[in-house]
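Quick one: the structure is below, questions incoming.
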Amino acid sequence: MDGFPILTTITFLPLVGALLIAFLPASWARPVALGAALLTWIASLLLVVGFSAGSGGFFQFTEELSWIPAFGIEYKLGVDGLSLLLVVLTTTLSWISILASFKPIQTRIKEYMISFLILEVGMIGVFLALDTFLFYIFWEIVLVPMYLIIGIWGGANRIYATIKFVLYTLVGSLLMLVAILATAFAFQAANGGDWTGAFDYEVLRLYAATAGGFDPTLQLVAFGAFFLAFAIKVPMFPFHTWLPDAHVEAPTAGSVILAGVLLKLGGYGFIRYGLSFYPDAAQTYAPAIIVLSLIAIIYGAIVALVQPDLKKLVAYSSVSHMGFVTLGIFIFQPQGMDGAILQMINHGLITGALFLLVGVIYERTHDRTIARMGGLAGRTPAYIAIMGFFVFASAGLPGLSGFVGEFLVLLGTFAFNPLAAATATFVMILGAAYMLWMFQRMATGELSSFLAGLGKHLTDISAVEILTVAPLGALVVVFGLFPGILLNIIDGSVTRALADVGTGTPIAVDPLVTAVGLGAIAAVIVLRIVTLPMFRASASAETSA
Amino acid sequence: MTFQDLVTIAPFVVAIFVAAGVIAADIVAPGRNRPVLVIALGGLAIVGLLTIVTGSTAATAFGGAYRVDDLTTFLDIVFIGIAAMTLLFAPDYLESRRLPLAEFAAVLLFAMTGAMLLAASADLLVLFIGLELMVLPGYLLAGYHKSDGYSTEGAIKYFLLGSFSSAIFLFGLAFVWGLTGTTRVSEVAAQLTALTATGGLSAGLALGLAFLTTGVAFKIAAVPFHYWTPDAYQGSPTPVTGYLSVGPKVGAFALILRLFVEALGPLRADWLPIVVVLAVLTMTLGNLVALTQTNVKRMLAYSSIAHTGYMLVGLAAFAAGRLEGLEGLLYYGAAYSVMNLGAFGVVAALQKRAGVTSNLDTFAGLGRREPALGILMTLFLLSLTGIPPTAGFFAKAYVILAAVQASQDGATVLGFLAVVAVLNAAAAAFYYLRVVVYMFMREPASDDPALNHGRLLWAGLLITTILTVVFGLIPGPLLEIVGNAARAIG
Amino acid sequence: MRGWLYLLSAAVAGAVITTPALLIFVFGGGSVDDALFAALATLMLVSALLVVTMRDIIRCGLAMIVAFLALAGIYVVVGAPLIAAAQVIVYIGAISVLILFAIMLTQSKAGPAKLVFQTQAAPAAVAAVVLVVLITLGISATDWGEVGTRVRLATDALARVLFRDYVLPFEVVSVLLLAAVIGGIFIAKREDEPS
Amino acid sequence: MDILIPLIALLPIAGFLFTAAVGRRLGKRAHIVPVAAVGLSWAIAMVVVFTTLTGGFGEAGLAVKLWDWIPAGAFHIEAAFFVDNLTAALLIVVTTVGLLVHIYSIGYMSHDPGYWRFFAYLNLFMFSMLLLVLGDSWLTVFVAWELVGLSSYLLIGFWYRKNSAALASKKAFLVNRVGDVGFALGIMAIWVNTGTLNIRDSIEALTHPFTGGNPCIPVAPDLSCASSDFTIPVAIVALLLFAGAMGKSAQFPLHVWLPDAMEGPTPVSALIHAATMVNAGVYLVARANPIFASAPEAMVVVAGIGIFTALLAASIALTQTDIKRVLAYSTLSQLGYMFAALGVGAWTAAIFHLMAQGFTKGLLFLASGSVIHAVHEEQDMRKMGGLAKKIPHTYRTMLIGAIGMAGIPPLAGFFSKDEILGESFVLGFAWVWAIGVVVAIMTAFYMFRLIGLTFWGESRVDTTVEPKIHESPRVMTIPLWLLAIPAVLLGLVLAWPGPPLGPLFGQSGPGLLAGWLEPVFAPGIEILGRHEAEFAIFGIDGVLILISVAVAVAGMVAAWRLFGVEIGGLRRRGNPEQVRDLTARAPFLYRASLNKWWFDELNHVLFILIGGRIAAFLWWFDANVVDGIVNGIGAVTRRSGGGLARVQTGRVQNYALGIAVGLIVMVVSYAMMVRA
Amino acid sequence: MGLADSLDAYLVLSGALFTIGSFGFLARRNAISMLMSIELMLNAVNLAIVAFGSFIPNLKADGSIIALMVMAVAAAEATVGLAIIIAIYRNRKTPLVDEYDAMRR
């Protein structure tokens, strides 16, 4: 496969599909979209076949093309274990989501499929880009189609949700742009004013690893910017509030991709850029990030306990689960990092499936209020059986994939600090609690009057719908029993990332600065609480004007 | 005046003749658009060619009053392009309002010649006259829809404040002239270097500088001298608004380049802080107020103010010692012109049906009624927001890069400026995307049938679209050009 | 009766204007030019003030003409007779007349003060005062390089300079006027006339 | 063997998958495959057990590796099975009771629409349970640990239409999870201490830290040798493991789920909540005996909690009216005994009691199921009575079970319980023994209260049901009798010291079971530094035996006095008045017992009321503060924009003034830069 | 040295005239008055220029030239301005500028 630009192919195959759809009649949109996505998927599988896991964390199938020579910006793609898995996850979820949108999406199907395929391009690109500038471009490209998908095909309050999503993400990513440029220039300056390689991931990484890397102040600031961008995407507490809104309003497939892939962009960014470029800063920030992660894990779970809406519940569970990812990354432990990556994949599969299943019931009831469900086990046994499977998978039932990742993270954390581990492990109970609560309310008891009222509209899960979740279920089992498959692939990347960050030593930050920062945060919170009566929480009307 | 001089200023002269030719054509065949357009566009093509040909070699004419260098060429091309685009967008709009094209074209071309002169001037007096030649027709264009109260209101506001600021500017000019004793830009610079070398900034010089800054800040619509912009933009006929939002703006920046960067270059340490403050105010206020606008033209007016701010960031970066700042400024100018013209082109297209306002509701469901326009508008708006891969994104990235560089050189305030810039960009996303919301996420307010737009309009939109994408995806060539242009004076 | 009043007021005005000149001339021991300058300057400033303060806009226009005349005089004093001539021709001959015509066209009558002055007249005055103070300070604090005495320049020299160094601006100004006229005519034309 | 051992566990899972896939279509034939699967795995298990106990694998036992489960660098887990004598002992109980329950269910569930589902779940459970006892690494055990939780969840909530069942199943799972957290942390602690999760290696490393001579056991993360200064103290490790055991074996305070679990079908109660799953905790602690042995303080905790649970549960069982709940609490109480035994270090006794209880309790539950079946799903004993003649097989088998529970020689129940009491006394835990004796009285009392209320006296059965009462089909009664056999003989077989009649002549030796388990518990005993106590039937042991028999009889008699008795010639009517004024005399104790010491109420307050408040508050916090700040920023921005827009008055002069002011500011600011 | 011979005197004078003009511009409501004010300001500038021209030796005639140009420009401005005033007067029937506030915020 060498020579043939497979990565470019994978990245832009969906775009081809999008263009085709643009020029074909609307009736073709569905098949063409699915076809394009499937082709991409197959291509990515070929990539897996061709990928040699043993060869350490080096990038494979790299493609290099001078793009903006003035700044040494290149079109450079490459894949290592980490990106490989995420790309495959993306391509898989993409065709599944497209398939899942066939029935729900009836209006403006052309635009929908086009946006979706472009979205796929962006996501794949983010994972494959080896040039910070290119990375940023793909990163932003992801934004637009998602904005449209939520905003056009979303629920009642979609505009508020989508604008919140975009603005929130944009704030982070634009600051990240500044950081990217600053880093590039710092390199150029150190490189005697030569721009070549100033945006090249591998060059920068090497530079960061050697000769003390970037200047501490730059590291602190730049990492801060990157952190914000990634933390918002992950999303880490307290930057998570866009997620529930976005999930609730987004169409099913949108939620699937949102939870399945977009959230992973953050984790990926941390591992790929945060740790490798600014090891010292990473070491400096790590404690704070770990604390935030722990908060997210517990907080998300507790809040999920009282969610009245299926999607909101799953959304908050995502906050909790993604907390494990950041936790696993920033304890700088092999097990933790392995676990974090596994957790990303598994969360993608499981939560993706959960959203699909929520979509299934929503299709029939046009309602997601848990209180109105009940007694589905009798009416739609197959659906409930599948639901149950993923509910327990999400609750981290051993033997299914969710468990391995979580446990590895906990293990690493325990080695890092038993108390932190104890805190995080506590979520085993909460996680089971909200999941079972939801499941019981949906499945057991007599068929609720609301559902009964739907009469024969309330059919059991259809073959197509099963087809959408079945692959995910299969993977959940396989990865649960043979996580080795994944672990071997990511091994190299993990080792490299840890080696990179290992070179870092915490930077001494003036306690005054810290104090001032904390003071500011406290002030904001207080201010907010004081002004509660002034701006009610439902700024939705105002913002969506 | 030698023959050589004539050759050097050939583009300028020809431009004037084109303008005159348009009038002549109208006299010969009154009220017919085709000949006007043929002459105007054809003429512009010739002027463009001449510019490129003559611009290939740097030269001066009239004893150094007129100067051709890479900067001149670049700016002239931009101005010619702007004029051409405006001419492409205007006919439909004017026709539906029974407004003659000939005078419009003529006045527009005169304005363009003014801008060209501005870009080429190496003499303060020429600079001033070029400026006037650029803005006076602007007043007229603003009021071109003379039967419309808004148009004339905008015009008179624009005129009164404009001439007020002209007077201020001129006053400052007089002082600088009095102190340096010359009108030749190069000599002024030399003199100032000498003056500041000894006594530093003298009171009179400060006075002149203050008046000049004020006058220029007004022309580029920098806060707090921006008041005229929203009213003038909103009132003017939409194609004119499109022109005003880019032509005079880029022209004013040309003025800045020639006057502040070249003539007052030695004083850059003194005007840098002012520029920084202006940049922050301009970006922030422009964006904040734009958030609350419900009229797209007015919203774009405020957004244009904000964009001035971003360009000022580039200027500041230059003043802080980074030539990249200048390049960024120029790149931004070009990118901004393209995308903003495109956006206004769409607005103008929508207003083809007379009486259609530019309110947000007009855009409701546009994506349904006229998908093509909707998608193009989205592209332009994304570009204005600064989302890759569009011209707007790369331009922003460029000025920010310059600012970051300057800050790492030691001028920390520039780093702050960069952060303010990106935060503003984020805020700006809200109002730009709101238009997208209306176009794609709202149902059409009226079920008017889709309009059929003229071929010219589509051509204009096509060009702007292509350029918007190209400047975003393949910035290489343009980077080369602006690089040379910047080096010509930096 | 009314006639007398006019005469009286004219006399008063004359007194006001000439007093400073006389003072300088007699007690200040200044030259004739000084006296002339003082008188003209006072006349200009007073009439300028009248321009911006009088209610009847027609009288404002007339006062403006007076101010321009005074300025022309000052030009003579400072030694630029040609400019003085141009001043008379261009401003009094062209612009003032133009303005008077406009006044006729827009036939605005004299009104009570609130119709004449903005509500913000007071702050405007303050601003103006601050500005003039600043300017004065700035000017007086500046050393204007080697300042000679007034040079009365010969017309031929002027012409030479004009057609050597300033031919381009000269040409361009004509273009400017052309543009202004073309546009102006169109804008000022009535809508219903065939365009 | 390497194939057979995995098969034991894999056959049931195969059965599960098969039934889950196609069971729905099989209708009434759905049971064939599952039962066959379990039967087969029973047969294999027996072979394995025999080979093991006859020393086929030597003392170390046999490990079978399947594949590398989690190869994460220093953290390396194999999916492997392991069989030694302890496992074998458990296998006997699990597979036998499991098989019998399967057979019994054919009859019991025959009318249930979810017939196939039931067998699928049962198979799933069998797999999980077998995995639990066969697992070779802590993590494998943990997997099984959770899986039995899952299958128990499914089976308790089997009748999903019943809300009570659904809630009970959820409760069971969550309460178990609480324990599992402890277990999980314990596992992590073990790994951090020893760098391995293989049960034997890690125990070796924990109990014999690296000191020159001992082999080096690599410790994560840097894979150095495990030395005695562990990151986590062994006592903590032990207690964490015990926390897991508490969850599964429903020890105080995590006992609340077990009684509710009776919402499930009776066979489930018999299999999971009496015979097998609830014993997992005992197995775990026994398995980890060296760890506990090296942390005596932890053992005291175990003993304390165990015996307290025994007392608590027994006290509740005294007054319950639901036949199954009585049994449930007795199960709790007996589990308490086992932990007491584990705590005092009488591991063999604990396992012995486990096995004895496994059969006895299984028998009692199945019998009670048969009773309930007979009176048409009525579980309230106040609506029974006088059933002895109507359902003789059930009556007889249940009576046997009751006598065993009461602790009358020579039934299994007697031997095992007496072993525990005796050992704890001998080992110097007199308090444990004392409480144990009290519990013994209660046990005998409530068991015969149950028998009395259910089978003796005049019938209180609903008149509509009365005529339809009938004995259960063979498919149900046969398993009862089959279970009765071990319930009677197991004790004699396993515990008889030395040759027949030997003890009478002072001869003694370790019982059969003790012999089997010797290698397993040797390390623990060695660490405790304890030499075998001589068994003296005419010495202290004899006295203890007499005491426990006496108290057993006392309990029975008390029950007879109050609730009557009808065995052979022995007849006596019950005496409700006496019951009434007894309850009236100790009203608090009565109500406490009746209301299960208000534990459910307490939990409701703690978790539903308080916890719910907290969650609700956090949600409010999320919406109003965390998100509120975000929206607030947005709102402030927009409003400030609106404010600034006011500058745009539309009046030229205002603008001009603005410009003029700007000009002035400009002049001033430049003037400030004047350096002259 | 006398008043007429000091550059400062002329400059201050022009400054005064300039501010008077700007005051008029800020204070008057009538469009034409404002136009006149602007003319005053331009004249002030001219005065400054001419003064410079005749006082600073190496400027020589340039001052007068520039002044001439400025006059021309002023004329052009006046033309345009009056045209616009007439146009809007036609629409609004009032010369009072502060009543042209249909567009605001």
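Letters A, B, C, D and E mark the chains as written, and numbering starts fresh at 1 in each.
To be clear about the criterion, contacts are C-beta pairs under 8 Å (C-beta built on N, C-alpha and C of every residue); 3 or more make two chains touch, one makes a residue touch a chain.
The model shown is predicted, which means the values in this text are computed figures rather than measured ones.
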Touching subunit A and also subunit D, the following chains | B
Relative to the centroid of every protein C-alpha atom displayed, which chain's own C-alpha centroid is closest?
-> A
By mean C-alpha coordinates, which chain is most distant from subunit C?
-> D
Where the centres are mean C-alpha positions, what is the separation of subunit A from subunit C, in Å?
-> 72
How many angstrom between the C-alpha centroids of subunit E and subunit D?
-> 98
Please work out the Cα centroid separation of subunit C and subunit E, and write it as a whole number of Å.
-> 8
Rounded to the nearest Å, the gap separating the Cα centres of subunit C and subunit D is 106
Among all residues of subunit C, those touching at least two other chains are 118, 120, 124, 127-128, 131, 134-135, 138-139, 141, 144-145, 165-166, 169, 173, 176, 179-180, 183-184, 187, 191
Where subunit A touches two or more other chains, by residue = 167
Among subunit E residues, those touching two or more other chains are 18, 21-22, 25-29, 31, 34-35, 56, 62, 65, 69, 73, 76-77, 80, 83-85, 87, 90, 97-98, 100, 102-105
Which chains touch, pair by pair?
-> A-B, A-D, B-C, B-D, B-E, C-D, C-E, D-E
Mind pulling up the subunit C residues that touch subunit E in the complex?
-> 24, 28, 30-31, 33-34, 36-38, 41, 44-45, 48-49, 51-52, 57, 60-61, 64, 67-68, 71, 74-75, 77-80, 82-83, 86-87, 90-91, 94-95, 98-99, 101-103, 105-106, 108, 115-118, 120-121, 124-125, 127-129, 131-132, 135-136, 139-140, 144-153, 157-158, 160-162, 165-166, 169-170, 173, 176-177, 179-181, 183-185, 187-188, 190-191
Tell me, which parts of subunit D touch subunit C in their complex?
-> 651, 653-654, 657, 660-661, 663-664, 667-668, 671, 674, 676
List of subunit B residues in touch with subunit A within their complex | 367, 382, 386-389, 393, 397, 400-401, 404-405, 408, 418-419, 422-423, 425-427, 429-430, 433-434, 436-437, 440-441, 475-476, 479-480, 483
Please give the residue numbers of subunit B that touch subunit D in the complex, ascending.
-> 156-157, 160-161, 164-165, 168, 199-203, 206-207, 209-211, 213-214, 217-218, 224-225, 227-228, 230-231, 270, 273-274, 285, 287-293, 427, 430
Within their complex, state which residues of subunit A touch subunit D.
-> 164, 167-168, 237-238, 240-242, 299, 302-303, 305-307, 333-335, 338-339, 375, 377-378, 392, 397-399, 403-404, 407-408, 410-411, 414-415, 418, 421-422, 425-426, 428-429, 432-433, 436-437, 440, 443-446, 481-484, 487-488, 491, 524-525, 528-529, 531-532, 535, 537, 539, 542-543
